[in-house]
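Accompanying notes for the structure given below.
We just call them A, B and C in the order they show up, numbering each chain from 1.
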Amino acid sequence: MSRADLLFPAEPTQRGIARELYALAKNQPIISPHGHIDPAILAEDTPFPDPAQLIICPDHYVTRMLLSQGVSPASLGVPTRTGEPYETDGRTIWRRFAEHWYLFRGTPSRLWLEETFANVFGVTTRLSPDTADEVYDAIAAKLAEPEFRPRALFERFNIEVLATTESPLDDLGRHAKLAADGWGGPGGRVVTTFRPDNVVDMEFDNWADNVARLGEITGDDTTTYHGYLAALRSRRQAFIAAGATSSDHGHLTARTVLLDEPDAAKLFEKGLRGEATEADAETFRGHMLVEFAKMSIEDGLVMQLHPGAVRNHNTWLYDTHGRDVGGDIPRATEYVYNLLPLLEKYGNDPRLRVVLYTLDEDTFTRELAPLAGGYASLFLGAPWWFLDSPEVLRRYREAVTETAGFYNTAGFVDDTRAFCSIPVRHDVSRRIDAGFLARLVAEHRLPLDEAAETIVDLAYRLPKRIFKL
Amino acid sequence: MSRADLLFPAEPTQRGIARELYALAKNQPIISPHGHIDPAILAEDTPFPDPAQLIICPDHYVTRMLLSQGVSPASLGVPTRTGEPYETDGRTIWRRFAEHWYLFRGTPSRLWLEETFANVFGVTTRLSPDTADEVYDAIAAKLAEPEFRPRALFERFNIEVLATTESPLDDLGRHAKLAADGWGGPGGRVVTTFRPDNVVDMEFDNWADNVARLGEITGDDTTTYHGYLAALRSRRQAFIAAGATSSDHGHLTARTVLLDEPDAAKLFEKGLRGEATEADAETFRGHMLVEFAKMSIEDGLVMQLHPGAVRNHNTWLYDTHGRDVGGDIPRATEYVYNLLPLLEKYGNDPRLRVVLYTLDEDTFTRELAPLAGGYASLFLGAPWWFLDSPEVLRRYREAVTETAGFYNTAGFVDDTRAFCSIPVRHDVSRRIDAGFLARLVAEHRLPLDEAAETIVDLAYRLPKRIFKL
Amino acid sequence: MSRADLLFPAEPTQRGIARELYALAKNQPIISPHGHIDPAILAEDTPFPDPAQLIICPDHYVTRMLLSQGVSPASLGVPTRTGEPYETDGRTIWRRFAEHWYLFRGTPSRLWLEETFANVFGVTTRLSPDTADEVYDAIAAKLAEPEFRPRALFERFNIEVLATTESPLDDLGRHAKLAADGWGGPGGRVVTTFRPDNVVDMEFDNWADNVARLGEITGDDTTTYHGYLAALRSRRQAFIAAGATSSDHGHLTARTVLLDEPDAAKLFEKGLRGEATEADAETFRGHMLVEFAKMSIEDGLVMQLHPGAVRNHNTWLYDTHGRDVGGDIPRATEYVYNLLPLLEKYGNDPRLRVVLYTLDEDTFTRELAPLAGGYASLFLGAPWWFLDSPEVLRRYREAVTETAGFYNTAGFVDDTRAFCSIPVRHDVSRRIDAGFLARLVAEHRLPLDEAAETIVDLAYRLPKRIFKL
């Protein structure tokens, strides 16, 4: 297939304009303000493992699709935590994957993988059960070359800055190594993000132990609420010193709550005693979002909110393979009333910057665009996770632009665990934005020169500015 | 109008590809795994009544639209159960319908009827108040011919297999007749579907009486929960012997509940005593869905779930004309938490096959696609009822494909009470899929040869395989 | 930009058909059955103030977008009620606005303003920080001319009838003046609408005082529920005498409630004593909707329902600047169960006519289209407020037509406070409908002659008939 026109609208006038706009965005450096790349990859710069270990086993988009058709994660090399055996032979995994390649027709995974094969590894042989070995061998051969080590790829990918995500319990050692090598630290190419869920969410595995460890790390007495807040502030400073410009919060809902300090302290202590109910945990999470907003105003970290994932919905998958292997499911998410307490307190404060994400597309027009288009502190994050696909990226622009404009959106976020997929993910977003803007131009809703300025803003300037990168 | 390009995208590149793909699907035999055709039609093979009795009176899509503009169902020949008179003259009904034909502009009913007139009856005169009699007479003349008797049409429609829907209280006599004639039974052309709502839903009219009759039919003691389950198992076997490969469940919500057997028995007995609350009824329905999943694993029936219809919302319509005459309204439907109990128990069991339908389009992307794309037992049913229209069929593919792919969708289901509309309904679905796939091809997201394989899968192979037909 | 093809689909076949259809609708007189133009403008016919006072300060679409980027409403001339100063210099406001013009790319405000500049004021200079003064001066010069006084513009805009919206406490003096001048009264060019929220909603500022004033105006004893109903009936007659053909109801939800008269009276009295809870207020609002339906059947006023706005969500904005300045946010809205009590009582009564609006697009397909397509009393209002934009107007037709057809929709409603934006808003709607119908024609779903009839119905005949104008 000719891929130059990938994802552009077929209608020739729009396609022509989309090409022109895309040409302006195509070579902009990548700003990646949020994702889940292991910083060790770049800190150590060791060669990647075999193609299956690199591309299949850790990609839950891929393994969940095969699970949905009865192919077990263990047979695809997803490690078990039960002692059950799992496949470790890369070629076997790859062949199994190739047999089911047809399942990915029409999915973003198909696009991401094909483009990765072609553009990162130069492999244009079409994947099929018959060509599985050929593709595997070709990628494996490339992976052995020095130009395919992580830092070399980072440069080739034209990434200007990449944010990883760490918990406050992380020692940030990888980021120290990166800083020492001239790659990390404030203003560096690889920075961290402060993600405190495991010390904030009482329903998280081992929350109380995590809070204790937090105190050990900072030297604060986290058996008290006061010491707990001090420890969080302290870790935020350490993260800022490691280059962080934002925090990230992955709650079940977008609920925010105003508690007096004594009530918050009581709730915190109840949690530490192991007596908190589900409702208590939700209240405390909601209260802490407001606290983090206050801290953000003080220390300047941009707040990211990622609500709406029912974690580990597939309990068998969780029991067998643990977290983050494709067992989460989105749920309906309410923002208008849930964010109200936070917004009443800080919503009009221009020092606060909150980037809202969603797994519930229905809120784009009804809730998120009106909120971001009406509060100085709010910005709309890119379509996320189940929604980070061409059709939804297009619907996102169609849904939010009329009420929030382009300039209350925060730019594309790849959110990926798959290093090699970073370029294609950003490329897909740029192509879809080019197509959307091309339609506005073709329908005489926007002059071409303004569309041209806008696409560069969306691809580069906006994420850089909004995330302070 | 030239209808060869009906429903294809106007853009010439996409239209060209759509034509090519549609040509592959157009003549595939029809697999109709779910619908509401009266099996007597095919068992008796008697000629159809007059055009109004065939086409207008029983079609609630048509009568509710006219009701919405103040034309009473009685004046359109919908029988009353109150003793009030209703129109019985076919020609009068037809003329009244033709006067209001303009109301159907842009609706699927318009498409279905026009295509039925043209392709089934060869009548291409455009319907209008002026041509009402001409169209009526032309159709009436055809209906008198032997080639327009049900079995002849069945053959001409190229239906490979058609599933009707019966309650466990049905004696399956029509299906016995069909089997005797070589048309029915396991692997036959006309099969049944096990739909137990009237013996499961305590809020159904005469539920307790129905349960008693169930016991009479099977010889089990359905005054006990144990006997009730035995009777259901027994009827499932009888249905399987009459060709059934699936069951169907039309609950108000998608709620599933895990009850211990003693608790379930208590609830069942409470219901029989007439003491069950609304909440009890909901709990029992939810529990029974899990029981039916268990039975499905045992006996192999595919489970269909049709939640989300508020039955008889229009109470005057229900009081005057009864059920299934257009008085139901959809409601918001939640799947993620409601299905969780069932999924925790059986969701990863590849022996279970559950086809999920919805009347709430908002769940396509947020809930249904992630569920079907993450559990081995789940498949997505075609857009249903209010949603079985060109625009929604297109939005369905746009919404679910990126997360669930094509191969977790179960193929088109016509769900119709109108025998003559079967071909056009399947044809519309094939045309929309051709258009959607053509866009993927035109946007370089899928090679043409894979799109070609996919469209035949969607039209024929997938429903055949998933519904075990 | 050439604007002749504004908003038409780019694909040439569809564009050609859209042009042809639009040509039929373009010059139809404007029927404006619902909006918020101050009747004083037309009653006094005084020249408009400076361009900023006319176009920027009162337009909350504009000021909320700038607020969302940190530009304060006070700096844009929005009056404060706190005594804080606010900008009053038109040119300063205009320049500030022009600096942020890029924020409106892709928004309806951009379209409305550009078309207003060009078509109302003949100013085609592109707005930018550099041309701010030039555009300002050109518009200001026009505003000084007699042809730019309100009544002259009204004629030039080809408005056949315009409905304003007043509360029962309004003395309708402006409308009396209009009637005296031959512009108002029953069948006149400018009519009123009965909007009783401030005497119905116990949570409205000063509800009890408003009820007392209502009694003073009509001479009824509104300390009793009986007198209260009598006073409302009396004001409806006064509004009808001032040309009103509809009432309008802006509740938080679509809840309707059947209360016995004694219960309603008790609730009313509780409210007057200042003891009503939030739930009481909601119950009373719901009850009054049913009462108003009853009154509508008696006196013939069409009922409009506008639920779903969380008023004054941005509390700082409300505290500083008051109501209706952009601080409201939509919320999810339920219609199926909420309207049921009203529908059970009057839903099939053809004398009742209820026009339903929504801020929750998700209800188009799932709730509103099935309801309007199944009840004789229900019609669908045009997409409203946050939804009155090209993309949503298109999605509205795509979502509702298949189930409700075109003839259960009530035609476009501009709902505007900005007099000069009336023509462009109706024009946008006509263009989008032309594009939608063109697609139906291009896809062979509707013959061109029927599309031609339909677009004139949508633009002119339907709103005239449904709103009895």
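Keep this in mind: a contact is a pair of C-beta atoms (placed from the backbone, for glycine too) under 8 Å apart; a residue touches a chain by one contact, two chains touch by 3 or more.
For clarity, every value in this text was computed on a predicted model and none was experimentally measured.
Chemist: Answer with line, ring, star, complete or other to describe the graph linking chains that touch.
Modeler: Chain contacts: complete, every pair touches.
Chemist: Check the residue numbers that chain B and chain C use where they touch, and answer same if over half are used by both copies, otherwise different.
Modeler: Both copies, chain B as well as chain C, present different residues to each other, with under half of the numbers appearing on both sides.
Chemist: Starting from the mean Cα coordinates of chain B and chain C, work out the distance between those two points in Å.
Modeler: Between these chains, centre-to-centre, one finds 40 Å.
Chemist: Two-or-more-chain contact residues of chain C, please, as numbers and ranges.
Modeler: 11, 362
Chemist: Flag every residue of chain C that touches chain B in the complex, lowest number first.
Modeler: 11, 13-14, 334, 336-337, 340, 343-344, 347-348, 350, 362, 365-367, 369-376, 378, 397-399, 401-408, 439-440, 442-447, 450, 453-454
Chemist: Would you tell me which residues of chain B are touching chain C in their complex?
Modeler: For chain B paired with chain C, touching residues are 1-3, 5-11, 64-65, 67-70, 102-108, 110-111, 126, 310, 313-317, 326-327, 329-332, 359-362, 386-387, 389-392.
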